[in-house]
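In what comes next, chain A is part of two complexes: it sits with chain B in the first one and with chain C in the second one.
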Partner chain A sequence: MTTVLVVGVFGLVAIGLYGLLIVRNLIKIVIALQLLTKAAALAMVVAGQVSGQVNLGQSLALTVIVADTIVAVVGLALAVQVRRRFGTLDVRQLSTQKR
Partner chain B sequence: MDTSLPLWLIGIPLAASPVVYLTGRLLLARPVICRWLTLAGLAAAWIVFAQVASSFSVEGDAERLIGMVALRVDGLSLLLAGVALTLGTLVTLYSYHYMAGETGEEKYYALLITLIGTMIGLGCAADIFNLWVWFEAMTISTYLLVAFYRQQPASLEAGVKYLVQSATGSVFVLLAIALVLAQTGTLDLDAIRAASPSLPLLAAGALFVIGFGVKIALVPLHTWLPDAHGQAPSGISAMLSGVVIEAGLVALLRALGALAGVTLSWGWLLIGFGLVNMLVGNLLALRQQQVKRLLAFSSLSHVGYMLLGLGIAVYSGQPDGAQGGFFHLLNHGLMKGLAFLAAGALLYALHSDHAPLYLADLSGAARRYPLVALAFSAALLGLGGLPPLAGFMSKWQIFVAGVDTQDVAITLAVAFAALNSVLSLAYYVPLVNALYRQKTSAPVERGRAIPVTMKLPLVLLMIAMVVLGLLPTLVNWLTEPAAAAMIRLFGGV
Partner chain C sequence: MGVKSLMLEIALVFGMLLCAVMVIRAGRLLAAALWLAGVSVFTAMLLYRLGAIEVAVIELSVGAGLVTVLFVFAISVAGDQGMKVPSSVPKPLAWGLLAFALVLLLYLTLPPPEVSAMRAEAAFTETLWQGRALDVLVQIVMIFSGVLGFVGLLSESKSEQMAAVVALAEAEPEPPAEAAVTEADALLEQEPV
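Moving on to the complex of A and B:
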């Protein structure tokens, strides 16, 4: 069981990072971030189980979910503003800054 | 120490935040109330801080349990709280006119005071998950502040970059915490230190470096920093550069300290990152024409000096390097805070539409704004490390600690850092030069007056900087316990 969960964590991290690298739509980027944080939440549950403290692991996972929800809300709020100012959600169009 | 004191120290700013926001919403016509409420909240926090500091000097570390969550006040927490409160108070004062009339002023003050509270909390965290929670809370309050001018495309771009990179970094920290929990079965920083070294713990250390490294802007992870620091309102740039980066550094030290037994090379890692940060930060700053972006890049190199000092301490087990590093942390807070606030004051005077401030705009600014120009120049020369300003003293202390180790490689690293310090003058001096030019630029000609609430923080910071340069021992009561705490973190005596 633990092995399956660990594979799940790695899989979610991989999908999330891959998504962050290739996706150009701001909302999809937020979704990729969500996948990554869900991997972290799952990792907490697994860690709790492995160390024999199931309650601790699950309460940590809940805290992580609360925090990442706030991040998602802020991210989507930014997406709304970006859509209003730039007329697009494509992050490639966002570059206004010189290097 | 009365163990409820640390609780008050964190609780007052956090409790003040919703009060400020709600009062601001209810009395939208009179935003002045928000400003005064924020200042009142900070004044209350200062009173508690004075009590914590005085009982700390007598009794040493203090711990307080709230349920299962432990808060521990040691030298490091005290240093971070001191810097955060000092800069926070001055920035609030400064924002009195700077932010006046902006939409969402009540949100600005509510978030600013939340930011201060969460940073104090971050310094006091005694278990590794709690550390992450404070870190995340701090980060979230800064997301909103960085993108505060939401009508500005550049601010939104900075906000998006900052959010995506920070959130990814935070996931790495969480994965590291999960590894530590699975391996050691505990979250308490002291208990983790007792665990035997193993490969998963080494991996956790690497993940911590990446995760917290985003916030500290270790070099390959720094790309969000110039945008975020350049686009935020100037007061927030001062906070971000002066304390938030440093709070990330404290978080990294706490996490790595818990894993100190895993490998002996953490010291080298810190020194290595420090050297790269110095060089890259300086080289990138050299080609900047936009003043706030230039200052943001120079933060990269200053983090480098801190890392060098701290790395030397971790490597040698002697507190001198750490004391120098923490002294530089404090000085950098004052100097970079002053530089950003002074740049912001000129931005306020020259451009009323939040347009970026360019080097060419500054030409001859000293003729119309002599006080601000003097403060700005003092900050820049201090950052460049000219004696007798504060920046020189802390760099000197770090370099002396490095040479004292009598290790050839570290001596070479110190020489490299000293050369970098000279290199950095190449971009600080043109700014000073522009300020004192005879011919005034067009924006300076038609610039508006700078109100006294903006000048007062500049003058206070400038005095603090010069006094600390002449009498560096004045802050030993803060830096010495911080260095001792850091050596204890890494398993020394």
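Moving on to the complex of A and C:
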């Protein structure tokens, strides 16, 4: 069971990392970050099971979930304000704009 | 562990990875947000199967509920821009970096550790509120910053408000000067001196 879950965590990390590398939309970057943090939360619980410290792993996973949500909220707020001010969510266009 | 249980685990992991792939492949942002909710649901089921019931409930309610609502709201405000554009990083380089990261992860985790015996631990709530009190404090601070972020999501900047007021004022036609003088004269005639 642990091996299956570790494969799942690795797969989620890989997909999230690939998404972060190839995506240019700001909101989709936040979505890719969410994938990575979900993998981290799952990894915390699996690590807790493996090491025998179940509650410690669960409490750390809880912290990761809260941090993940706050990252989403702040990232989305930034993306919305960027869209209002510059009219685009494309990171390449944003990096070439002067203001 | 029975074969049925193992098959269920494999199915859940496969569903989670399938939803994650669809998140990246989705052309529209709204579809990506909904696939992300699917990832959260499968993650919550896996957490439940691992015995982390509290964490699973929070993941389901926050990850699949609150965060999805936030994404849908932000997409409705910012617009669902279809991004069929080439990526900033060349795809071979992205695949290379990904392979490097995975090899690094495998190097750090292999050989897989054996499941050790359960240690005598306090209850989950005791571990969370007493053993990890600093984490809880940091979570409270993060929640406050999240609230501020959400206020930022809803608010408009002052410059935008001023621009709207100026545009409104410019749109109203001013009364001609002669008409204003005539109105003033009429008022003076009506009032007894």
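As a convention for this text, the second predicted complex is superposed on the first by the 95 of 99 C-alpha atoms of A that agree within 3 Å, B and C clash if a C-alpha of one lies under 4 Å from a C-alpha of the other, contacts with A are read in each partner's own complex, and residues count from 1 in each chain.
Following the convention adopted for this analysis, contacts are C-beta pairs under 8 Å (C-beta built on N, C-alpha and C of every residue); 3 or more make two chains touch, one makes a residue touch a chain.
Predicted model only: the values in this text are computed from it and were never measured.
Annotation for chain A, partner touching more residues between chain B and chain C: C.
Once the two complexes are laid over each other on the shared chain, residue contacts for A:Ala40 go to chain B alone; chain C is not touched.
In the superposed model, A:Leu89 lies in contact with chain C only, and not with chain B. Applying the stated contact rule after C-alpha superposition, one finds that A:Ile29 touches chain B and leaves chain C untouched. When the shared chain is aligned, chain C comes close enough to touch A:Tyr18, but chain B does not. When the two complexes are overlaid on their common chain A, residue A:Gln58 makes contact with chain C while staying clear of chain B.
In the superposition on chain A, A:Gln81 contacts both chain B and chain C.
Contact with chain C, but none with chain B, is seen for A:Gly8 once the two complexes are overlaid on the shared chain.
In the three-chain superposition model, chain A touches both chain B and chain C at residues 13, 16-17, 41, 46, 50-53, 56-57, 60, 63, 67-68, 70, 74, 78, 81, 85, 91. On the side of chain A, the complex with chain B involves touching residues 9, 13, 16-17, 20, 26, 29, 33, 36-37, 39-41, 43-44, 46-48, 50-53, 56-57, 60, 63-64, 67-68, 70-71, 74-75, 78, 81-82, 85-86, 91, 94-98. Those residues of chain C that touch chain A in the shared complex are 1, 5-6, 9-10, 13, 16-17, 20-21, 23-24, 29, 32-33, 36, 39-40, 43, 46-47, 50-52, 54-55, 58-59, 62-63, 66-67, 70-71, 74-75, 77-79, 81, 83, 85, 87-89, 91, 93-95, 97-98, 101-102, 105-106, 109, 112-119, 121-124, 127-128, 131-132, 135, 138-139, 142-143, 145-146, 149-150, 152-153, 156-157, 160.
Chain A makes touch with chain C in their complex at residues 1-8, 10-19, 21-25, 27-28, 31-32, 34-35, 38, 41-42, 45-46, 49-63, 65-70, 72-74, 76-81, 83-85, 88-92. Residues 129, 133, 136-137, 140, 143-144, 147, 150-151, 153-154, 156-160, 163-164, 167-168, 170-171, 174-175, 177-179, 181-185, 187, 226-227, 230, 290 of chain B are the ones that touch chain A when the two sit in their complex.
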